[in-house]
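Each of the next two complexes has chain A plus one more chain, namely chain B in the first and chain C in the second.
Moving on, here comes the complex of A and B:
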């Protein structure tokens, strides 16, 4: 097993993330225009949905990333609870708002897509409902994290919550399937990798967009974690400065 | 085992001494349901159609109301520290407290649900399934709710926060329970959904005491 404690050192993390961050951001900056060009201009319109199918290239990767973010958050929280790994808490905390935003993007684009294709902004079908509940799980995590005066306690309480939530996500998914046995939303069409039911001309833009989303996620996560570490450093430096200043103020009074 | 029974007996006794707390949960349940015909209109067909769902939603919310007292009272009085130090594993303590919570809030909800379903003009075919489903679901509410209650013991704001954390996790219970009653009303076989509710209960019994105990340890550190 990889020795996780090697990465627990914030200095080592800063060095490593400093190396990864430029690459991840460059990939994100390059793939977004390419992916958007392929998706919005250089891909065929759907024979039934016409141009509205292009929403898919924004919507589907957002849904993937939302689930991926929640999984990462649960994994990071588990690492934090088991090995008391401070960076893992920080990672989970940094993922939460990003994941919530992906979920929101998924919901909003899904709603915009639903209006022209299904004729309604919102339906209570299995997938929409479970993504909506996923959004509430993200929000609950963030609120619980902030509800404690002691941030380490908040981190651990929220970590327990996200692990419980992770166990329940499949149950929620399954139960909303029961809610709507007949649903408007189409089933998964890309996961069957051997023979995906999306045509190649649409699959490529989708995959490029997914890569762009992933690179964006990694860069944003690293920036958030790095700035949190730096903020903690600035804080401790200020404390030291204040301590020194107060000592200097006290010393001359003594004879 | 003696300690387990002692905790259950203590909590039930405390609840019976402060009987207004228990009664207020049931009253909330009744009032919430009475509000629906007032808000939606007294048309009997419509009420019959929404009866099962309304009763389930109201039961869920009523159970939420009672959760913030589950551990908070003990934490304020200092009893929680003793429970954490007790020789009984904390997971068993949580289980005992959930059992007591179910006895004083879950059981009254189960008993009042059929009466309220008459108020909402629900068909008689759903009665038995309603009671069975409630009997399987209310312990799950107590268990999952205990996780939320335990995690928020040390937090600055309790009440609303617990609902925010717990309600998303309780959506499967709501869906399965309300669907089971609707199936029974439509003359179909609701047994599969009741079994799923039972499965949920088993998952909750396995998972929730651990999570809640971890939360309580965190709170008493």
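Moving on, here comes the complex of A and C:
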């Protein structure tokens, strides 16, 4: 666990993230247009769903990133609770709105996709319901984090909420594959033990889009964390300046 | 034992208990978490006439009959061991066809006749271009239920 402490140093984090950020943002900026072109224009329609299948390229990576960002947030909260690293709390706090957006994109595109294919905007099956709960967990985290006067208390309460809510991650992942929990949502197509049941010509655009989402997530996370650290530094510099100024203002009045 | 170690073990212990509790809850409520019954379950569980349920299965081949009004459709829903006749009036989802998995929502009006007020088509996890589907069908490697 010694290695972990090296990353807890804000200066080291600023240096490291400053190196990663340009690369991550370049990858995001390049892969998004390429992925969208491949997905929306240059990929074949599905044999059954025809053009509607293109929603998959937006929906599926958003769902993956929603689960991934929640897992990262839970891991960061656990590190914060156990080793009391302020940077881990900052990471979890920075992930929350991004993850909530991914979940919302997943829910909205899923609904738009469900109407033409399944014939319904929304059903309360195990998959859809558990993803909705994931969205509430993200929002609940953000609300709870700011609900206390003492920020460390807020971080701790919100961290516990996220870790408890982590039970939903495996539920979401496996809800469609546990045969007893029959769902309207179909089973996994890509992340399963056998070969993916998405044809090559559609799998590649999907994976490029997934890379774009991931690079975008990393860039946004680093920007949010870096700006929060810089804002804290500016605040403490201003405080020091103000203290110095007030001391200077008092001194001349002394006899 | 340092405080950090103690917090680590507490958290791990809490997560283990929580996962066990979740697994038990899901196991206990499985019947309520199930989104639909199969025709066999409808026959065996003694679902009463008039009770609102969802039932899922395959639309039997050559069983779809459309009425002259163009809206009402009759078909047999099967899980290959039991079959229930379904009547539905309304717009069908575009994936609805013979051999397709569907979920019907409504009620029984006789032990083997179901009146649906909503039909949802289930989609499988296979995605491929039409040409590939065509080629698979031609070479006899088609695994889907259609055609």
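By our rule, the second predicted complex is superposed on the first by the 235 of 255 C-alpha atoms of A that agree within 3 Å, B and C clash if a C-alpha of one lies under 4 Å from a C-alpha of the other, contacts with A are read in each partner's own complex, and residues count from 1 in each chain.
Heads up, the rule we're going with is that a residue touches a chain if its C-beta (ideal position, glycine included) is under 8 Å from a C-beta of that chain, and two chains touch if they have at least 3 such contacts.
Only a predicted model underlies this, so the values are computations on that prediction, with no experimental measurement involved.
When the two structures are aligned on the shared chain, A:104 is found in touch with neither chain B nor chain C.
Touch criterion met: A:117 reaches chain C, while chain B stays clear of it. In the superposition on chain A, contact of A:164 is made with both chain B and chain C.
When the two structures are aligned on the shared chain, A:82 is found in touch with chain C, with no touch to chain B.
Within the superposed three-chain model, A:53 lies in touch with chain C and out of touch with chain B [touch as defined at top].
Of the two partner chains, chain C is the only one touched by A:126; chain B is not.
Counting the residues of chain A touched by each of chain B and chain C gives the higher count for C. When both complexes are overlaid on chain A, the residue A:174 reaches chain B alone and has no touch with chain C. In the superposed model, A:140 makes contact with chain B only, not with chain C. Touch criterion not met for A:14: it reaches neither chain B nor chain C. Shared contact residues of chain A with chain B and chain C: 81, 163-164, 167, 171.
Interface residues of chain B, counted against chain A in their complex, comprise 147, 151-152, 154-157, 161, 164-165, 167-169, 171-172, 175-176, 179, 193, 196, 200, 203, 207-208, 211, 214-215, 218-219, 221. Of all residues in chain C, only 4, 7-8, 11, 15, 18-19, 22, 26, 30, 33-36, 56, 91-96, 103, 118-134 touch chain A in the complex they form. Touching chain B in their complex are the following residues of chain A: 81, 129, 133, 136-137, 139-140, 143-144, 147-150, 153-154, 156-157, 160-161, 163-165, 167-168, 171-172, 174-176, 178-179.
Chain A contributes residues 44-49, 53, 56, 78, 81-83, 116-120, 123-126, 163-164, 166-167, 171, 180-184, 186-189, 197-199, 201-202 to its touches with chain C in the complex.
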